[in-house]
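Below: one structure, written as structure tokens.
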Amino acid sequence: MNIFNPALLRADADVPAYVPKGNECRLFETAWVRQLPLLLKGPTGCGKTRFVSHMAARLGLPLATVSCHDDLAASDLTGRFLLKGGETVWVDGPLTKSVRDGGICYLDEIVEARKDVAVVIHPLTDDRRILPLERTGETLEAPPGFMLVVSYNPGYQNILKALKPSTKQRFIAIDFDFLPRDQEIVVVSGESGLDEAHVAPLVDLARKLRALKGQDIEEGVSTRLLVYCASLIDSGMPAREAVLAALIEPLTDEPDVKAALREVANAVIV
Amino acid sequence: MNIFNPALLRADADVPAYVPKGNECRLFETAWVRQLPLLLKGPTGCGKTRFVSHMAARLGLPLATVSCHDDLAASDLTGRFLLKGGETVWVDGPLTKSVRDGGICYLDEIVEARKDVAVVIHPLTDDRRILPLERTGETLEAPPGFMLVVSYNPGYQNILKALKPSTKQRFIAIDFDFLPRDQEIVVVSGESGLDEAHVAPLVDLARKLRALKGQDIEEGVSTRLLVYCASLIDSGMPAREAVLAALIEPLTDEPDVKAALREVANAVIV
Amino acid sequence: MNIFNPALLRADADVPAYVPKGNECRLFETAWVRQLPLLLKGPTGCGKTRFVSHMAARLGLPLATVSCHDDLAASDLTGRFLLKGGETVWVDGPLTKSVRDGGICYLDEIVEARKDVAVVIHPLTDDRRILPLERTGETLEAPPGFMLVVSYNPGYQNILKALKPSTKQRFIAIDFDFLPRDQEIVVVSGESGLDEAHVAPLVDLARKLRALKGQDIEEGVSTRLLVYCASLIDSGMPAREAVLAALIEPLTDEPDVKAALREVANAVIV
Amino acid sequence: MNIFNPALLRADADVPAYVPKGNECRLFETAWVRQLPLLLKGPTGCGKTRFVSHMAARLGLPLATVSCHDDLAASDLTGRFLLKGGETVWVDGPLTKSVRDGGICYLDEIVEARKDVAVVIHPLTDDRRILPLERTGETLEAPPGFMLVVSYNPGYQNILKALKPSTKQRFIAIDFDFLPRDQEIVVVSGESGLDEAHVAPLVDLARKLRALKGQDIEEGVSTRLLVYCASLIDSGMPAREAVLAALIEPLTDEPDVKAALREVANAVIV
Amino acid sequence: MNIFNPALLRADADVPAYVPKGNECRLFETAWVRQLPLLLKGPTGCGKTRFVSHMAARLGLPLATVSCHDDLAASDLTGRFLLKGGETVWVDGPLTKSVRDGGICYLDEIVEARKDVAVVIHPLTDDRRILPLERTGETLEAPPGFMLVVSYNPGYQNILKALKPSTKQRFIAIDFDFLPRDQEIVVVSGESGLDEAHVAPLVDLARKLRALKGQDIEEGVSTRLLVYCASLIDSGMPAREAVLAALIEPLTDEPDVKAALREVANAVIV
Amino acid sequence: MNIFNPALLRADADVPAYVPKGNECRLFETAWVRQLPLLLKGPTGCGKTRFVSHMAARLGLPLATVSCHDDLAASDLTGRFLLKGGETVWVDGPLTKSVRDGGICYLDEIVEARKDVAVVIHPLTDDRRILPLERTGETLEAPPGFMLVVSYNPGYQNILKALKPSTKQRFIAIDFDFLPRDQEIVVVSGESGLDEAHVAPLVDLARKLRALKGQDIEEGVSTRLLVYCASLIDSGMPAREAVLAALIEPLTDEPDVKAALREVANAVIV
């Protein structure tokens, strides 16, 4: 199976569809073989999570995904003591389970997590590949079949929430972006059921809106919203109503910006 | 049953009355059919909560409503361990229950919640439609009958409390506003029992006060306050006393602003 | 019984004395009949708490009063799980008890409470009149005999501690102020035992000091302090010593301001 | 027994010595008789705590003293649930005990405590004189024999840590200051054992140093430090060494200020 | 065995390879003999952790490594009480274990830890060499075989997170930097399997990128990233793709900086 | 035994060596006899801790030392409830133990502790000499054999972390500084084993570096670092390497400052 064929939209029932944009599949495989941790960078909704699901399925590996957030602490990943029958019993967290059993552990939006999370993964990302569990006194050695993948959105980073260089420098990194036009049309049509001819102007509109990022809107339209929009149209909603609900309202709350975006949309969607 | 008939004020005993303003009922139904999560935007008291109750009843779906606040954490939604008979037992939260049983889970004023709430709903709002329960190790797949609805008031958002684009872009969105004049008269009269002729000047006054929003007052008069005011009058309170207690005192504490609003009121309410 | 008779100082042994200043008794009764929540605004010591006690007694309703503070959380109102005999047992908080049993629940100085308190009362203050207990999974419907009353002092509000419009707009509101001169003389004399002739100059002094509010002193003299002062004099303290201890020392710590207030006092109290 | 006799230094073995400066003993007694709460204001070491001990002993009342601090919460005063034999058992805090048993409860430096403490005492300081225990559901009525006394040092107050007017206006207040010269000599000599002739220049020096407060030093010399200094001299330390260790080093860490204070001292202590 | 021979890359299977840059091995041994605590300073990925592993193995000492982070508290190092069979049982933390058993305790990035950690090690770093366990009441005396080593990266320090002088002055300190060019080529080739001829231009590129530190990039390329890059090339990735993924993407998210770094890389890697 | 003899370096095996600089031993003894609490002020590593150990041994008193830190709370000193056999059992903290058993309780760097610590010691430092244990309801009276000693470093104090005057004024205070030159040579030689001739230039260098405090370096070289440096030289390290590792690297991370200090060192150490 040639995994670099961009025309290959659906492989088989067990492998989530994924359209490669560059060498990311090969880099993932090489990182897997050489036991190197991987960092995915890119904007919202550009397919990072889908890519990891795809690679995990293709490599036949179990995948544990953890969505990081402000209150996610190291112990949410490593485990904690719970009371059972009057005893405190240790219960593994998802990272510990992955290290014990092998497979991919994917920490989505790692910069959102509390600082101790970044540090708990340090011993897993150098040549020691160990996970010290301070509270139980164990030190787990990651088996060859364990791989750590993390992601973050550079567009959101600020001073308080940036990956420290001492963490970044522990990963091979891939920079993601949105799909090229023709590939995105194929994907959105495939996901929504709407034919490509009607999807094409939606993708063109999305690309126009993405170009406005940083001026009037904080983030460009994601492929996911395009699929939502095409789904609404496929269900019989008028195109302009679908564009308003799925491509414009989720982008902005400002009446002025909203009016401007509707003008842009009306020029494209007739 | 034609659900877009604006004259239809009360459907039947089990369906809370709701007067549609646009295509929102159709959008809700389409989102339901296509399994898309829904975001409702709009000011205080414009009917978002009522709309969700109405749609849940019409679609025959159970509805779980959670009012979000500063201290609402992910575990308040997903569940927590409690001590029972010396054992720690997992108890589902309202979101987990909805995902297990199907139906609508409505998170009201989601920007108020702690940040981890926004992230816990991410895997439920993409094509995976899953709810990972890190603490129990379960991963629930949402059944087709599950729908997530969230709301927020764009007027209150600030830098610390804004929905992140990565969250917003996971929803179809509807922008709500107050009812048109004639519809609001019908609603307020119906809810309060006061006849429409006496309600009309109250609605006119409310529309005048709403136009002052952002200048002297922070937020316009809600339909709810209009119903309160009409109820007081219906109970025999003089109109000006009712207007003071229900439309002016709740809006401002500033003596100057209060005096100005009373002048506006006195010109309308004789 | 004509409840609007201002001369009626003491009704009977079970009803705390209260001298109405305007239509507040009628408004309270109407709100009670129409099941509308009530908001009391006004400065320290102007009689808000007494007014609620009076109305509860007159209407024959049980009254639960909660003094809100910085650390009061929603669970202090709704209830919490406690360990009993090795089991976690739910124990109702004062708000939940009121909702179960009916009667008035009075949240004094609600702006002091944590933000989640304001939100927990939202579903009780719209047409649903429900109290969802997320932790037990129960949703209580308030019986017709339940009424929610809250108060705050607009003079203390700041940006961090203001009632949000979405909360304010759920209440009928009454603005309180100090009693008119002659009524206050009657009240202070009645409470302290000092005859009205000796109380009158104290009330005159208090009114002079209240006029200085915002200039040298943060808050005007409360009726309560007047009662204290009259009590001291009634016990034989010289008037000037009583005024210093009860009307001036509690108002300010600044030596300059204190001296100025003593001059004002000496001109009135001989 | 004439309690206003300033020459009365020691009453009997059970009553701690106290030298009244004005009408404070009479005010305390009147407040006690009229059931009014009392607020003591004054600088460090001027005798507030001693005064309360003295009055409690003279009135034959039990005294519970609580030193307030940043982490003192309402539950430290009211009580908390503890695990005993697998049950959660309520244990009264010092305030609750005082209210149950009667006597004086003295909250020293109340502005230091957490905000909820100030509010927990509100219902005890108005005509209700009740202590609601939210967590047990009890509401205690204070017996006639209960009295609340609080103190604070106005010199330390800042914006974050000031008594709110709504709290201050619930108390009769007394402003304390240091003893007059001759009385202070008697007290320091009595406490330290050093004869009055040798104490006199120390008191004179202290009065000079107190006059510098606000310029070079934050707080004036307390009577307590004078007693320490006299004790060191009484034990054979040279006067200048004792003055340095007991009157200067505790006041400042700045070398320049220290040198200046030593010059002041050397002019007085030979 | 002459441990100062820089040509000695691998000692034996049990001793991790380490190439000394100066007198650091001798200083470590002397500190060990004289029972002096040791502080390692230096940038990310310059080999501090490897150096400690190397010395521990060479001296035949057990090594406990703790990665410090924002939420690491003293009790994470000393131990805590856990519930076992209804009893609270003390469980030693890694520092306590080291003190009991002897060997090296290495606190990596100590400035990241909470402040109480710095203080808990104070009594271990003066002539007392004790570890007081306040919660159990024990005071452990460190055996001669115990040594404390800590590290931090001076480049990250800020006002909030700096080692206090009172902590720093308890350690002998060594300043680390990257390996000299030829040594680094040997190390990277040995770790990655790529021959030295192909590693040499990668090291040259890394040295160019390190020189940009503080201008466009926050931290220079670590030896670890060089090993990653050489591993990718050794697995068949084109050199420029490997350089992008392993040396450039981990350094920066800025498109402009990235382009500039690629130009630098393209000039070196053909 | 004449304890004021500065030549007395080691008394006997049980008394840690201490060289008095002034009247501090006598002041300590007098404070002990008169039951006065003692405050030690001075820079890092000037011998405060050693002084307390010395005096405790000489007076034959047990010594409990607590290193204070940001997270040290009052309950860490007084005690806490622990679960034992299903019961909550009170366990004394080190301060409570000292008060019960007598002896010296030494709170090192007390300004670092949480604010409630400063207040918990207040009743122990006035004439009451009591320790109220709010949580158990006990009030301990300190026996005559109890003495409280605290220390802090005035050089670190800032607005957030200063001893309040109301705390300072409860102590006799001693200001410490480094040893005079000749005494320091004797001490460093005695502790390190290096002969005085080789120690002398190290002490001279330290005195030069101390003079730079506040300009390039935050704190002067401690006697402890001098002992470290002499120990390294005594073990055969070249003097300049020892000076770099023990006197310069612990003082600064700035390359410029480091170079300047090395120049200073090279002028003294040949």
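Letters A, B, C, D, E and F mark the chains as written, and numbering starts fresh at 1 in each.
Heads up, the rule we're going with is that a contact is a pair of C-beta atoms (placed from the backbone, for glycine too) under 8 Å apart; a residue touches a chain by one contact, two chains touch by 3 or more.
Only a predicted model underlies this, so the values are computations on that prediction, with no experimental measurement involved.
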Set of chains whose contacts include both chain F and chain E: none
Strictly by the touch rule at the top, which chains does chain A share as contacts with chain E? none
Going by C-alpha centroids, which chain is farthest from chain D? Tell me that one. A
Copies chain C, chain D: same or different interface, half of numbers shared as the threshold? different
Turning angle required so that chain A lies on chain B, C-alpha fit (0 to 180°, nearest 5): 60
Between chain D and chain F, what is the gap in Å from one C-alpha centre to the other? 31
Centroid spacing, where centroids are CA-atom means, of chain B and chain F in whole angstrom: 62
What is the distance, in whole Å, between the centres of chain A and chain F, each centre taken as the mean of its C-alpha atoms? 53
By the touch definition above, chain D meets two or more other chains at residues 83, 86
Would you mind giving the ring's chain order, read from chain C onward, with chain D coming straight after? C, D, F, E, A, B
If we count contacts the way the header does, which residues on chain C are in touch with chain B in the complex? 23, 26-27, 30-31, 33-34, 36, 39, 41, 73-74, 81, 83, 86-88, 114-116, 118-120, 122-123, 126-128, 132, 134-135, 137, 154, 157, 164-166, 168-175
Chain B residues touching chain C - in the complex, by the definition given at the top: 44-45, 49, 65-72, 76, 82-86, 91, 93-94, 97, 108-109, 112, 153, 156, 191, 218-219, 221-222, 224-225, 228, 231-232, 235-237, 241, 245-246, 249-251, 253
